[in-house]
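You will see two complexes here that share chain A, one where it goes with chain B and one where it goes with chain C.
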Partner chain A sequence: MSAILLDALRYLGYILIFPGFLFCFLTGLLLCGIDRKLVARMQKRVGPPILQPFYDFFKLCGKETIVPATVTSKTVFLLAPLVGLASLVVLQLFIPIFSFRAFGAVADVIVILYLLLIPAVSVIMGGSVTGSPYAGVGLSREMVTILACELPLVLVLLSVAKTVGNALDTGLCFSLTQIAAFQAKYGSLILRPSMIPAAIAFLLIIPGETGNHPFDAAEAETEICEGMLAEYSGAPLGVYKLNHAVKMLTMTSLFIALFFGGIGTGIEQLAAAMGLTGGAAGMVVILLDVLVMFLLCVLTTAVGISFVHAVTARLKIEQIFKYYWTVVSGLALISLVLSWYGF
Partner chain B sequence: MSTEFVRHFPIFAIMLYFLGAFLIVMLGKVRALRHGIAFVATAGPLALLIALVKPIMIDGGIIAYWMGNRVPAGGYAIGIALEVDALGLFFGLLIATAVFVSCLYSFRYMERDDNVPQYYTLFLMLAGGVMGLVLSGDLFNMFIMVEILTFAAVALTAFRNRANGALEAAFKYLVVGCMGSTCILAGTILLYAQARTLNFAQLSALIPGNLGTSTKLAFALLFIGFSTKAFIVPFHPLAADAHGAAPASISVLISGVLTKSGIYGLIRLTYFLFQTMELGTMQFWLVFLGSVSMFVCVTMALAQHDFKRLLAFHSISQIGYVLTAVGLATGLGVSAGLYHAMNHTLFKGLLFLAAGAVLHETGTTDLNRLGGLAKKMPHTTALFLIGAASISGIPPFNGFASKWMIYQAAYQKAAETGNIGFALVTIIALVTSTLTLASFVKVSQSVFFGRLPKEYEKVQEVPFGMRFAMGILALLCILTGLFPGLVTKYLTEPAARAVFSVGTYINSMMGEGTIILQNPVVNFAQAGVWSPINWLFLLIIALLAITIVAISGKYDRVREMNAEKPEGKYDLFFGGEESVYSQVGGEDLFWGFKHNWRHYFGFMHELHSGVVNDYALWAVVALALAIVYATIVL
Partner chain C sequence: MFKKLIEESTGKSPWLFHINAGSCNGCDIELVSVLTPRYDAERLGFKLAGTPRHADIVVVTGPVTQQSLNRVLRAIEQVPEPRCIVTMGSCPQSGNVFRGSYAIAGPLSKYVHVDVDVAGCTPKPEAVMDGLVLATKILQEKRRAMK
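Moving on, here comes the complex of A and B:
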């Protein structure tokens, strides 16, 4: 009985603290702050303090929530941001942090592809119930952005599945756990020349999925007043901002998990070299894993989000769609074809 | 229950529908009596078929039932036979469920119409026709049932004949549907001339290995005949017209039951009668047709601005998924296809009923005119959202479970055969799924959310009876999504195994030892992991935790505010227009997508002329192509 209780407590800890809610909250907002600072420095501005997203979040939580009279369903209006956040937090549980995995056998990469849709759909639903024309335009663009990202994302995931499957002799492999195990054994996927186009494609998908510049036509503050968030205020708006931050963490850590999983082996060797054994070694490895993962996420953010943000102007929605379905999909397709013929 | 007793259940299931139809003609003038008869006639077959789950699905038996006990003599099957294996029972269960729910819904939905007794008569004839088709063990009886269901469906399409376009839709359906039925009849005649028997099992034993030119011609004719019943490309425009005009409860039957009968026919034709599915070319043919239907119809749906026409195109798109999966000819593929067929019946039924509820209360299904109904019809909205999430494949609803299996099956097939074409199919299927989501975002935005037009301010929630029927389907959508393991174990895998056991099918009908065919080893192994219950559990805990944190942080300290009413200065302006005029219409919602695909959409627009002559021509061309293909590859 006490074993079950202990397990339950452990899983609860996973969900609420690490790598679940609290971890997502802290690292996501931190990542967001770093991104803002980096963009500012690249544009020769001073920029906000790195902790600014935290201040913003707590400020919004202290404000009054106003529900406009045009809202057709108050429940959906208030619940949408929370559902989005919950699904993101749960999604984060399935992404392996090198050797550490909270839950292994629940979801594979195809499921992840769909779980990524839930936050997007919840923000669309939330905007949709407000009845605001800004939200209408925003959700239309958001949906088209999702469509745009979907094709290259599918191609990237299928080429990863095929590459790993080739090596494991199963033909294909969708399981994230196995993808992580494969990389621990044979080295990171990024080291394979055939996977480099796919990695670049994924890097380009990240700002599209998170709705960052130049693919933020759906939010476009200066044009349609943040689109679906136009009618939101107070704590729900704060939760949406948090969702955006967590999504940055999710996408970047997924990128690391898919392409840089081999680094985990190095960490384990390092811990072994330090002469640690038993429980202490496990703790140190996890700590190091998380630290390295976070640093890599920051690096990915810097390259994939901040740099792109700093040097580009916002694209129109039909340009976004065209870009993803031609350039990015083309890159991913190269990887798929290469992996198909065994490279 | 003894097996002797259970053997009579299939014929009773068929008879109850027809008996109900005739009783309603005689006694249907009285409302209570009419409803009572219709209820018994639809609930009875469902109960009978559920009772058959144990002996057939779980114990793996096959019921061979000879009318008048005319068993085969001298190796020739003369009598009329019913043969119920796991595949037939699977489709029978789908049909009985859809018919039952649709009947419950009809009680309130149809009460404002004229000639209601005739409606129930035709309704039960249609149901009986489809049930007879899937339980029959005889090719000619299949044709008769096809005729019954086609004419009942045509008449029901035109039932609201004062509505705009109902007669036109029925006429189109009649023309092309009859071409299909004629094809089936011609194919049957050709096979009879060759094999001197109409019994399915005996034909399956005789035909493979003895293919003459006329047998190949028969294959092409039967293939096109059943394709028209499944409405796959190029027969999809008929479905759109028929669904748009028919009452919603009939749309449920057309999409959930009629198209399934077409798919059932195709499975019987390719896996049993001709046993051609081992041919790579045949697999290619089915997968190609399925993928084309899947993609063409989802893009057609994106261009629609009528709720029911949009659903109709999605219906064909989902049938495309089923056909693709079945065409893969692997254990997992067939199991996934049947799973999706079941899910399609459930969620598409739910969506059509929701569309019917909107029509019932507002009198229109035009997406450009509706909006904001969530405020007036909260329950219908919630039920619609469940259906929409299911069809778009949002986890953990049922559409996701089956689509996920289809992706895996297609990609596994690609890995096994080394054919990159099947990988392309996986990609098309995944993109189609997202396009489906886009389409339902459009519906939810332009019907249930968005702004409520002035003229619909007095709209009310639909009666409880209609919501109850929708609720049953919604519950089934959730349950089949949450327990994919149970569904595959008890329903789709036995049915898929039956698809691959032609030998057993023939022998149980014609007597042991008629044919020696080893059943292939059927592999249901999956490459991925997905346990919806665990995921849902995690989600609920996370959601609870977040909600508690949010509420303790005064998340619900809410003030409702009307920033618009007092005077114009608070009004929203968008693009220089007042907000009332600046809503994006349902048609143009995904402008960014459609702009990039404008040449494709322009091409499609010109192609779908709406003239029945064109569609009949397509059918002829399809038949010609099928004949050429069959003579070359078989």
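Moving on, here comes the complex of A and C:
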């Protein structure tokens, strides 16, 4: 009986604190702050403090929440941001942090593909019940952006699955745990030449999925007043901003988990070299894992989001679609074909 | 503790909404210059919001013409509490050179409570920044006064 209780407590801890809600909240917003600071420095500005997203979030919590008279369903209007946040937190639980996996065995890449859609769908639902014309334009563009990102994302995941499946002789391997275990044994996937186009394609998908420049036609502040968020105010708006920040964390950590998983063995060797044993070694390894993961996420954000943001202007929606279905899908396809023939 | 956190944050993340109430575009350009790399108001957390629902501070430029009066008042009502109203330039404050014209409904302070007036035709970016920082302090006070 007490064992079940202990397990329940442990899982509750996973969900609420460590790879779950609190961790997502802190690291996601921190990542967002670093991104804003980096963009500002690249534009020769001083930039906001790194903690700015935290200030924004808490300020929005203290604002009045206006529910416009045009809103057709108050429940959907207020719950949509929370549903998006919940699915992102669940997603974060499934992504392995090198050797640490909270719920690794119960989900694979396909589940991640579905869960990635829910935040976008929640923002579409929330926007559509407001009846605002800005939201209407925004949500039609958001749907096109989702469609555009989905094809290359599936191709990238397929090529990863095929490469790992070839090596393990299981055909296609969709299990994230096995992908992580494979990389821990045989080195990161990025070291294989056939995987480099897929990695570049994934790097280009990140700003599209998170709705960052130059793929932010759906949330263009200067053009359609942040589209679907136009009628939101107060705490729900704050949760949407949090969703955006957590999505940045999710996408970058997924990138690290898929292509740089081999770094985990280095961390374990480092802990072993320090002469640690037993429970202490486990704790140190987890701490180092999280630290290295976060640093790599910052690096990925700097290259994949901040730099791209600073040097590009917003694309039109049809340009986004064309870009993803030709250039990015082409890169992913090269990897898929190469991995299919066993390179 | 949570209340204190919100109070602190309110002063550090003021989002602006800009209403042009018949302005000559001079003040509008100066407001944008405050956000450029040279003055970079974002280092104090300022951000230009697209809709009044996201805003904390409303910046009004122009002499509030008869045509724009109702729109200005409606837009200000859309801003969630706590909110601050800043007039920029001499026009919304006194009417400036348009004072006495049949087309002018201003000054703005006849209709709503104005928190900060930034005078000048047009005010310097430094003056605008000063006025906006003053407005964030007032915003913080208003948040403190809320329950």
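Basically, the second predicted complex is superposed on the first by the 343 of 343 C-alpha atoms of A that agree within 3 Å, B and C clash if a C-alpha of one lies under 4 Å from a C-alpha of the other, contacts with A are read in each partner's own complex, and residues count from 1 in each chain.
The definition used in the following text is that a residue touches a chain if its C-beta (ideal position, glycine included) is under 8 Å from a C-beta of that chain, and two chains touch if they have at least 3 such contacts.
Everything quoted here is computed from the prediction, not taken from an experiment.
> Does chain B (first) or chain C (second) touch A:Glu221, or do both, or does neither?
Second partner only, chain C.
> For the overlaid complexes, name the partner, chain B or chain C, with more touching residues on chain A.
If we count touched residues of chain A for both partners, the winner is B.
> Determine, under the contact definition given at the top, whether A:Glu150 touches first (chain B), second (chain C), both, or neither.
The first partner, chain B, only.
> Looking at A:Gly282, would you say it contacts chain B, chain C, both, or neither? Reply first, second, both or neither.
Neither partner.
> Now for A:Ala40: first (chain B), second (chain C), both, or neither, which partner does it touch?
second
> Is A:Gly187 touching anything from chain B or chain C once the two structures are fitted on A? First, second, both or neither.
neither
> Look at A:Gly266 in the shared chain and tell me whether it touches chain B only, chain C only, both, or neither; answer first, second, both or neither.
A:Gly266: touches no partner chain.
> Figure out whether A:Val89 sits in contact with chain B (first) or chain C (second), or with both, or with neither.
Only chain B; A:Val89 stays clear of chain C.
> Answer with first, second, both or neither: which of chain B and chain C does A:Tyr232 touch in the superposed model?
second
> Do any residues of chain A touch both chain B and chain C, and if so, which are they?
Residues common to the chain A contacts of chain C and of chain B are 61, 64-66, 134, 224, 234, listed in rising order.
> Quick one: in the complex, what on chain C touches chain A?
The touching residues are 5-10, 12-13, 37, 40, 42-45, 48-51, 53-54, 56, 78, 80-82, 143, 146.
> Going by the contact rule set out above, which residues of chain A touch chain C in the complex?
Per the stated touch rule, the residues are 36, 40, 43-49, 52, 54-59, 61-66, 134, 221-222, 224-226, 229-234, 237.
> Could you please specify the touching residues of chain A with respect to chain B in the complex?
These residues of chain A touch chain B: 12, 15-16, 20-21, 61, 64-70, 72-74, 76, 78, 82-83, 85-87, 89-90, 93, 103-111, 113-115, 117-118, 121, 124-125, 128-129, 131-134, 136-137, 139-141, 143-144, 146-147, 150-151, 154-155, 158, 161-162, 165, 170-175, 177, 217, 224, 234-236, 239, 316-318, 320-322, 325, 336-337, 340.
> Spell out the residues on chain B that touch chain A in their complex, using ranges where they run on.
Residue list for chain B touching chain A: 371-375, 378, 381, 393-395, 400, 404, 407-408, 411-412, 414-416, 420, 423, 426-427, 430-431, 434-435, 437-438, 441, 444-445, 448-452, 527-531, 534-535, 538-539, 541-543, 545-547, 550, 553-565, 572, 574, 579, 582-584, 589-593, 595-596.
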